[in-house]
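Heads up, the next two complexes both have chain A, just with different partners, chain B and then chain C.
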Partner chain A sequence: MTDISRRKFGKLALATAALAAPLAAPAGFVRNGFAAGKEIHVGIWGGSQGEFVKKEIIPAFEKDFNCKVTAEEGFTLANVGKMRATKDNPKFSVMFIDDVAIPICKAEDLIDQLPKGDMPALANLYDKFAFGGWGSALAISVASMFHNTAVSPPASYADLWKPEYAGKLKLVSPKNTPSVFFLIVAASIKSGKPFAEAQYLIDDSFDKVAELKPNIMNLFDNGPQAANEVAQGQADIGLLELSKYIYPYTAKGAPVTMSFPKEGSFAGNNCQVLVKGGPNRDVAVAFMNRMLEPKVQKAFSEYALTAPPVSGIEFSADTLKYIAYPLSEMDKRGLFTPDWEFINAKRSAWTEKMNGIFAV
Partner chain B sequence: MTETVSPAIRIVVAIILLMVVAPLVVPLLMSISDTAFIVFPPQGFTLKWYAAVLANPEARGSFLFSLELAAIVTTVSLVLGIPCAAGLTRFKVPGQDIMLGIILSPLIVPLIVTGIALLQFFSMMNFRATLLQLVIGHTVVCLPYVIRSVSASFVLANRNLEDAAAVLGAPPHVVATRIVWPQVRPGILAGGVFCFIVSFDDYPISMWLADGNHFPIPLYLYTVIERSFDPSIAAIASLMIFFALLLVLVIERVFGINLARLAS
Partner chain C sequence: MAAGPVAGRFSRPAEMFWTAFSSTRHTGLFLVAPALLFLAIWFLWPVLSMIVSSFSSHSVDGVMVEGITFENYTRLFSSDLYFRILMRTVRIALLTSLCAMVFAYPLAIAIARGGPSLARLVTITILAPLLVNVVVRSYGWQTILNKAGAFAWILKQVGITSPPVLLYTEWAVLIACVHVYLPFMVMPLAAAIGRIDRTVEEAARVAGATRLKVFIRIVFPLSLPGLAVGASLVFSLSSAAYVTPQILGGNFSPLLGTLIEQQILTLNDWPFGAAISTLLIVMVLTVNLVFLNAVNRRFARWTESAR
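This part shows the complex of A and B:
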């Protein structure tokens, strides 16, 4: 009797499972059913970050949401240009840009505020990387000097103006965002004030910028290429560049690494924004939320050697060598984020002046 | 009767050739370096960077897509460009100079401006077919090369030979294929080759119009340089040099046109 009952129970259990399986499977999809069959275009960065987004994050998201995400690799200025050119009939739903461009996009009505209610992952986002709700950071790099490991880097940026560095420095091109960091450094050295105050004194500091010219071997606009040239000894020191372009070489054993002068370093914030009126907004919001989820952020940070903008992620000691995390560590290192609204209004005039000095 | 070339000219030509070829040798040497990053002179010897590039589906996909795009653009440009060049050189058309100016204007306007203007135009038209956008964008840029080169051939073609053939009873299609074609063929071929290379190498137009599913090789190269500056970049550059060399050799063998005529 007991045997028969057990057999019957087994059959019943199997039958129940067989019936439940097809019912349960759609239930899983129903949660993300709103996205089924839809497509969004996302403008991402190039580099190792773009590679990881394309190869790891997007395929998993497409599988989970049964949708299509088409990624276009680019860079901040081009991505803003694409949003402007398609403003009346947006092609993109999500765009990856640097924090420098968020005030511009907001002022030109290109982006929407993030819907907090639909993005649970925003709960872990550090406030300083929320940009008033107009986007979120995805990765934080440290911008500072980089040097060949055979060279002892100076303890202060002020030393770079000394004649011993004549013709030994590579300077970032005025086209690139870190050139603004250099202008702040020059203003800080001239005025003796910290970065937060010096950024408003740049207009009066171009004579200090010009004084550095004899020490500049050439300008660079490609971080990885500059890292490679410094590693080969073509120049002793490069200033300034984001750690995400330098540390991958350090980790591979190339003789190049970063140094952090006493005046402090800068935060390079790679961000995501929601394009105003972009197609399939619900899928776009789900994708942005996915980008901030702890599991994705951990893997993303470890691959690109950048710090996540969200709290509560554990990293190995090896990874922590290359990133400033958590927030207390970023503050300890004095990572400075400039006043981009003030800087953006002046940047084109400053670029002209830099071009004049270095005859680009 | 052979002309003698003075030793001084030989030396100058050798120096010029060396200066042209030397930069091409550098990526070849860097691509065989057995290091995780690019070094010059190379350290060790390996072909693993070539294997890595050839096995990479992204690199292969971009390369094949660029070939496909350049082939379509060359065909479209020749189909549009040959009659246009013939019309502009052989007939009096009202507004001829203005028309020629408009067609050749993409050579004057910076390509990056042309690219963003096209993106804006396609967006206004709600036109989302990426391949077609790229074909149109590249054709706008490549067409002037075809028209310039084919026009020159038509201008230099000897009209008296056509008249003579017609007077001797040759019907128009015979005049076209046996008298005109041999004279304009080098110009058409040169225009086609320029067009193919300009499209294959284009970055500024593609940067605005391409997407993740249609990603030409110049854009791929740029992203790879940003990802990591390892010898695989030199390997891709070397493969492109080999490809260009192969293209010239095939043209020489298949069409039987020597380089001097192509350049003239």
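This part shows the complex of A and C:
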């Protein structure tokens, strides 16, 4: 029997542990071993949401899965454009787009249904944000009116047509999605019907839209800038914009906030889709699953002041001031999601009509 | 001067090559070939494919339908919307050129006829705004022209109680366009005025002409080539302006550029966007050709009668 001193034994034990550590490490990653060394391209948004994805979510995912995620910033229609351009030889694996474009992507065969079996985090996804399995929401904003805190906002959208608001309103430009929400509001005011029915009556409501022109100071296409101008008192009220562009200013103490007229509000759904035939589909699916995990969703929501599309997340009272969560709260606020398939087909004609009213 | 012989060694073959090269029939062609090739690849080809795209498909209810079509142009001319915005684009571009011309003459004369230090000062003042990004400049104008901005404040100080708000009107777009494009008018004009023989002006003065008359009868006609270049530059640039009308027009006074962006980025209707772009190019080209032709004929007539 070899005679080993206590000190020598200690040294040997340490050396063995040191040698074993790197060998043991991959064993810890076996669960995610499939992703090792692979790379995926993800089309994300710009702004604070994109920043959070790039700085927090992606590095952690890369570390856990020993893979590389390359993010490219864009916005919904630009991201759809990228998918179209690379349809024959897809470069992206995951795309972030708004719900408005999901029917377009589906119709043009650009996306795949999410594999439920490989995405355990889908279990907590609220049904209304599953889009028939063709994607999932990631963040929900509320679109509504915003106003300078020195002004008391009207309880109904109908009041905005009154002459007392002459030149005091900022209206969202037809190139932004919330412009569709405004058209639904106008149709609802004209017909007296709820949003769900009014959205099909927009074609007959442009006279109502034109009536509002004297009250409009300008059409804005930059939400944060519009929020700033309303905060400065350049205009009293802005309609309509997503809470994710307004509340970050409110939270910083700027004199601008949102109000929710009795007709209801709209849901602005930021979503993710799985690119059809995209490279390294398994990593893509794991990434999409990660985006929906409770820990990520909580941090993401708190950062951008948006509501998560999944159940079971606890927020502080301070955060809950700015987001409609959980689902019961969204329903209570009457958050409406339009029939995008119907609207997308009409969007071009409506934009032309809006231009005919405001741009000439 | 150690470099002398070395340079000489290299320059001799170059000189020989140049002597042989410069005397061929195609020398001019060889010299312009690189620039022509560059423009053909990076300008002509994209413009041609844009025009082809405007005829190759059109959008029906948000879905692209491929095939040769005139649908995009029919749509362009079937509603008066595009014609009215085209007219606004022409109006703003013409007014910008006109205002720039009025402001540019005194500045160009100061550069061409003033002392070296005055000329340098004016040149730097004119060119300085070009160092600032156009977006920053437009936002600067926004702060000046808004409801609580410097312009409204000055008007209030002089007793105008409810000053007009210029922001988000055509006026704001015009003011900013003149500011942004003024240097493009001043510089060619200054060069043209600098080339006018001073003795001609002096002779006129000796013969009893007033300064105004000298300007109208001598400086203005002889500076026409410079004016033509300046006006052509300012007109072309302002009719294609996008950032300035976007920031200062508040979508109430869009020019064609804004509509093109809307079609491409929001509605994803590239063929229709291409059709509007083609319309813009045809308009700018036509106005430039007509204007340059008119100026050239007038200049020829004036200088002929002066001989």
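We adopt the following convention: the second predicted complex is superposed on the first by the 335 of 360 C-alpha atoms of A that agree within 3 Å, B and C clash if a C-alpha of one lies under 4 Å from a C-alpha of the other, contacts with A are read in each partner's own complex, and residues count from 1 in each chain.
Heads up, the rule we're going with is that a residue touches a chain if its C-beta (ideal position, glycine included) is under 8 Å from a C-beta of that chain, and two chains touch if they have at least 3 such contacts.
What you are looking at is a predicted structure, and each value in this text was computed from that prediction instead of being measured.
Trainee: Does the chain A-based superposition show chain B and chain C clashing or fitting?
Mentor: Superposition check on chain A flags a clash between chain B and chain C.
Trainee: Counting only touches as set out at the top, which of chain B and chain C does A:T70 meet: first, second, both, neither?
Mentor: A:T70: touches chain B, not chain C.
Trainee: Output check: A:G81 vs chain B and chain C. Expected answer is one of first, second, both, neither. What do you get?
Mentor: Both chain B and chain C are touched by A:G81.
Trainee: Between chain B and chain C, whom does A:N218 touch in the aligned arrangement: first, second, both, or neither?
Mentor: Second partner only, chain C.
Trainee: Should A:T319 be classified as contacting the first partner (chain B), the second (chain C), both, or neither?
Mentor: neither
Trainee: Touch check for A:N124: first (chain B), second (chain C), both, or neither?
Mentor: In the superposed model, A:N124 contacts neither chain B nor chain C.
Trainee: Contact-wise, after the overlay, does A:G47 reach chain B, chain C, both or neither (first, second, both, neither)?
Mentor: first
Trainee: Scan A:Q232 for contacts with chain B and chain C and give back first, second, both or neither.
Mentor: Both partners, chain B and chain C.
Trainee: Just to be sure I read the superposition right, which of the two partners does A:A254 touch: chain B = first, chain C = second, or both, or neither?
Mentor: So A:A254 only meets chain B here.
Trainee: So which chain B segment collides with chain C once the two are superposed: 150-158, 168-176, 186-194 or 204-212?
Mentor: With chain A aligned, chain B clashes with chain C through residues 168-176.
Trainee: Just to be sure I follow: which residues of chain A are touched by chain B in one complex and then by chain C in the other one?
Mentor: 78, 81, 232
Trainee: Which bits of chain C are touching chain A when the two form their complex?
Mentor: Those residues of chain C that touch chain A are 59, 61-63, 79-81, 84-85, 88, 146-148, 167-168, 246, 250-254, 258-259, 261-262, 265-269.
Trainee: Help me check something: in the complex, which residues belonging to chain A touch chain B?
Mentor: By the definition above, chain A touches chain B via 41, 46-48, 50-51, 54, 70-74, 78, 81-82, 85-86, 88-89, 91, 222-225, 227-228, 231-232, 248-249, 252-254.
Trainee: Given the complex with chain C, which residues does chain A contribute to the contact?
Mentor: 77-78, 80-81, 104, 107, 173-176, 217-221, 229, 232-234, 344-348, 351-352, 355-356, 358-360
Trainee: Along chain B, where are the residues that touch chain A in the complex?
Mentor: Answer in residue numbers: 36-40, 116, 119-120, 123-124, 126, 128, 207-208, 210-213, 215, 219, 222-223, 225-229.
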